[in-house]
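In what follows, chain A forms one complex with chain B and a second complex with chain C.
Now for the complex of A and B:
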């Protein structure tokens, strides 16, 4: 088939925070760049981030990037790579200040500086007491940030391909990435983007779980594309369950609510976090708070007729503070929980929120894969940043506000690396023969299949399997069952049938293609989780309990290592954690408590 | 809320197979947990996967699922199903070309947004740290920066229907004032020049449909009034 080929220096797949931040680097360097996005850029899921972005500006009290680094390593349960964590925490001030210069409407302190609030796990002086580190625009930080970065790209004349869905990564016989195939949603036309640099900024895949704070579009498209092209995925067993999703609806209630003084209560109105985290209390790390909530519910201290949620209480706060600092939360509570938080507490449950793992990269945003005994082999022409990537700064558990920081720092560094490589690099490498055939055959199969499973059924099967087998608490037998079951669900996903045959804005076909990406992420998660026989961060299993030998169930002797999942044969291998920062001494291993 | 069956009448048009648009009558059984119109659309799509609409965040911040609901523009994800008279009539946003079903071509809408230079202009060398802004000056941006570009306002505005190529429309003008009101922005004159035209700004006849439909409770008419005030002040 004769497929149109569009030639660019670089293509960025995804126009959320990481993609837009990369695009600024490439556009301002004058490179011919295409940014592809399934949705208009400001509809990307960064828009839903609420509470803030971490940076040790020290605007309200003393702070230091080394304290931020310590908190991030501890938050990661020591699974984060300390070179990448140092890089991120050190760069935080610079990228947040840049954002302010782009026009981001941060809230302000009385002396006109960026307003900062406390957030879970962010402490002063190496874990002493909560510190105001989260830079915020009310409780709409992601929205303000995404719009500011889109606007900066308008200024920089970035070329967007809006409502285009990337289908597959194109690699040549030597493994170099030479572009992607993509479909224009309005026409159904498949096109090849032939490039010298390809940056994935496709976001997370929170839709693998049934109960999720994530948008419909968060289907792990970049991870699916990478996996199908032979790129392994790192640490996929680690998923963050955000403590406060609205019970039933799943919509996010920011941790900033607790940062502003909100308190979690059980059915006897007890502030139960005092028992689980005597020092940080409600501002302990997210995995710790989610487990505490799940334990309260499991032990019969939940609220409501079914005792299946706890309450987030801000009724003691001044209504003026709520209106000024948390106006969006009030809207969400009224809309999705039917309660006005000024008068009544909000019913909340731990809800799937963030994918700590992803496409393995170094801190320069270059994708790295194992080969010949080394784990640091760069895939030429391929970069990744943001939630789809694993640098790895979040390790086994991400701190709140570090995701917006991650997408700024690594969006920028991936962009810078691409600029550097393009300036030093040569001409476009040849496209392999029939570079679009794989994508075309996938699309044709979906279009023509009869008697298969519907997208709605298959997607629900994925989400149910993940929810039931890989939740906040994980059990050996359930993990085993789940790993077997997801391979059965895969057969269903490889046999999808759609009724809609139109070439024009065929959302049924798009959802089928998304489901083929979701299943790759679900398999990677289930199989990696089954294999890791310890508890660490967000991955907690019953057969790795808290003992004096293994505090919190963490086993550093055997499991201080990253999981690397290969799609081919569902093979797992492990790579060492980098405990060596760039310039400072190692944050030494320690039992984690808050 | 309980299990219930809800009747819909939905605008359908697939240029690949339909000669002309038609209204499809369809009903769907909803669970007690289905509160919002978008929940119902998800169920409808499981019945008929051809029903086409945009959606993403399902919490009213991304602006994807704007549509005309029983004659009024709104977001499906923020609209309570049980507040609507049945059959619930769903049409694409008025005034923009329909691509398919509830999906409109938003090119003209974004063209107008881009025309007001929606980015901060400040030509001073960037300081090492943040530019300072007092909390009071920052407060001026409240009610402006929260826009989600859903187009509910502009596509409910008769002036925009008649002159979508010449009148910036409420969303674009709200954004224009967002930068005019920002103490960090230095392009006030340039921005006012850009709007001083019989159509771009002055086609607003304060009909206020925009205010009535904005799902974020914003007030573009007020922002437009402020721009007009700035023009007057500049003239004297």
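Now for the complex of A and C:
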């Protein structure tokens, strides 16, 4: 078949914060750069980021990148690589100031400097006391970032391919990445982007869970493509959860609701937090509350026909208080849970929020894979940044406001690395013969299959399996069952059928292709989680409890290492954590407590 | 609305940056859109072109719609 080939120096897949930041580096260096996105760039999920971006500017009070580094290592529960963490925290000031020059409307102090607000986990002097480090633009930081960087790209002549979906990586016989295949949604045409550099900035894959705060676009397309092309995924067992998302919808109910007197109840209306945290009760910390909720559900005390959520009750509060102190909660509850919280409790469940693992990279944004006993083998021509990548700076748990920082720093460094690698004017490597065949056959199978499984059902099966077996609090028996079950669900996903056979604007086909990406992330997560027998950061197991020998259930002797999952045979191997920063001494291992 | 135009609108409505908008528009398309007049469908398409935050503020009642043509659709979105 004759497939059109578009030749670019670089293609970037994804036009959220990381993709746009990379594209600026490439286009401003004069390279012919294409950015592919399923949606218009300013509609990327980065728009949902409100908290701000961390940088030790020291505008409000004394701060230092080394203190930021300490907080990040501690937040990561020592699983983050300290070379990458030093690189990111040091670079933070530079990338924030650059962003300001791009026109980002940061909040300001009276004397015109960038205003900085406090945020959980940001401390001065190596964990001593809170420090104001987060830079924000009101409650629309992500939105403003996307706009500033999109404009900068337009000026730099970046070519945007909007409403295009990348399908597969193209690697040649020596393993070099030489481009991607992609589908233009408007025509259904598959096209080859033949490149010298390919950067993935496809975001997270939070849609693998039934309850997720992630927008519907977050289907892990980059991770699916990488896995199918033989690139392993790192630390996929680590996902950040929020205790109270509306069951079934995922929309967040702020923790302020419990602060105002909201009570969590199980199916016999019992205020179960009294058993788990007799003093703090419903005001216990996020992880304690999440674990208690998960335990109630696991032990059959959940509510609803599937007993898969608990209730957040504010019916005892004065309606005037609810309206005044918790603005928007009544509307969210009516709109997304279908209940008026003045009269009925809100169904809630721990909800997935952020993916710490991803495509393994070094701090220069180059994708690295294990081979011959080394874990640092660069895949020529391939780069990744942002939530889809694992540098690894978040380790087992991300520090608040480090996600926007991650996409700025590593978006830029991936772009810089590509510019450096291309500067000798090397020609495009040849495309392998029939470079699009694999993608075409995947699309043709979906288009032509009869009597297959429904996309909606297969997706729901992934999400239910993940939520029930690998949620915020993990149990050995459930993980084992989940690992077997997700492989069964995979059979369903490999057999998808769509009813709409149209060539143009076939959204059913796009959703089928997205589901084929979701399953790769789901397998990686379940199998990596089952294998890690300790608790660390966001991965908390019932059978790895807090003991004097293993505080918080963390076992550094056996598990201070990154998980590397290979799609082929679901093989797992482990790579050492880099405890050596670039220029300063290591942040020594310690129990993580706040 | 012809199939391709509808499918394009559907993709643009349910692949957003914000989950809240994804859900609200999906539900509206599934339950209400088919009952609208052509002019109302057009008005919905215009709203779907709004930025995520802007649209969410309208749907959640944090902002009021000043365009008289679009306001009835916003009212329906709030109810659905």
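We take it that the second predicted complex is superposed on the first by the 486 of 594 C-alpha atoms of A that agree within 3 Å, B and C clash if a C-alpha of one lies under 4 Å from a C-alpha of the other, contacts with A are read in each partner's own complex, and residues count from 1 in each chain.
Operating definition for what follows: a residue touches a chain if its C-beta (ideal position, glycine included) is under 8 Å from a C-beta of that chain, and two chains touch if they have at least 3 such contacts.
What you see is a predicted model, and the numbers here were worked out from it, not measured in a lab.
Chain B and chain C, once both complexes are superposed via chain A, clash. Residue contacts after overlaying the shared chain place A:499 against chain B, while chain C stays out of touching range.
When the shared chain is aligned, chain B and chain C each come close enough to touch A:47.
After overlaying the two complexes on the shared chain, residue contacts for A:107 are found with chain B alone; chain C is out of touch. In the superposed model, B is the one of chain B and chain C that contacts more residues of chain A.
By the touch criterion stated above, A:64 is placed in contact with neither chain B nor chain C. Of the two partner chains, neither chain B nor chain C is touched by A:481. By the touch criterion stated above, A:154 is placed in contact with chain B alone, chain C being left untouched.
By the touch criterion defined above, A:176 lies against neither chain B nor chain C after alignment on the C-alpha atoms of chain A.
One listed stretch of chain B collides with chain C once both complexes sit on chain A; from 97-105, 115-123, 169-177 or 223-231, that stretch is 97-105. With the contact threshold set out at the top, residues 39, 42-45, 47-48, 140, 143, 186, 215-217, 249, 251, 328, 331-332, 335-336, 502, 504-507 of chain A are in contact with chain B in one structure and with chain C in the other. Of all residues in chain A, only 38-39, 42-48, 140, 142-143, 163, 185-186, 212-217, 249-251, 328, 331-332, 335-336, 502, 504-507, 510 touch chain C in the complex they form.
Per the touch definition, chain B reaches chain A in the complex via residues 14-17, 33, 35, 45-46, 48-50, 52-64, 78, 99-101, 103, 106, 110, 114, 117-120, 122, 126, 128-135, 137-138, 141, 145-146, 148-149, 179, 182, 184-185.
If you check the complex, the residues on chain C that touch chain A are 3-4, 7-8, 10-12, 14-20, 22-24, 26, 51-53, 59-62, 78. Of all the residues in chain A, the ones that touch chain B in their complex are 39-40, 42-45, 47-48, 57, 96-97, 100-103, 105-114, 137, 140, 143-144, 147-148, 151-152, 154-155, 186, 215-217, 248-249, 251-252, 328, 331-332, 335-336, 454-456, 498-500, 502-508, 511.
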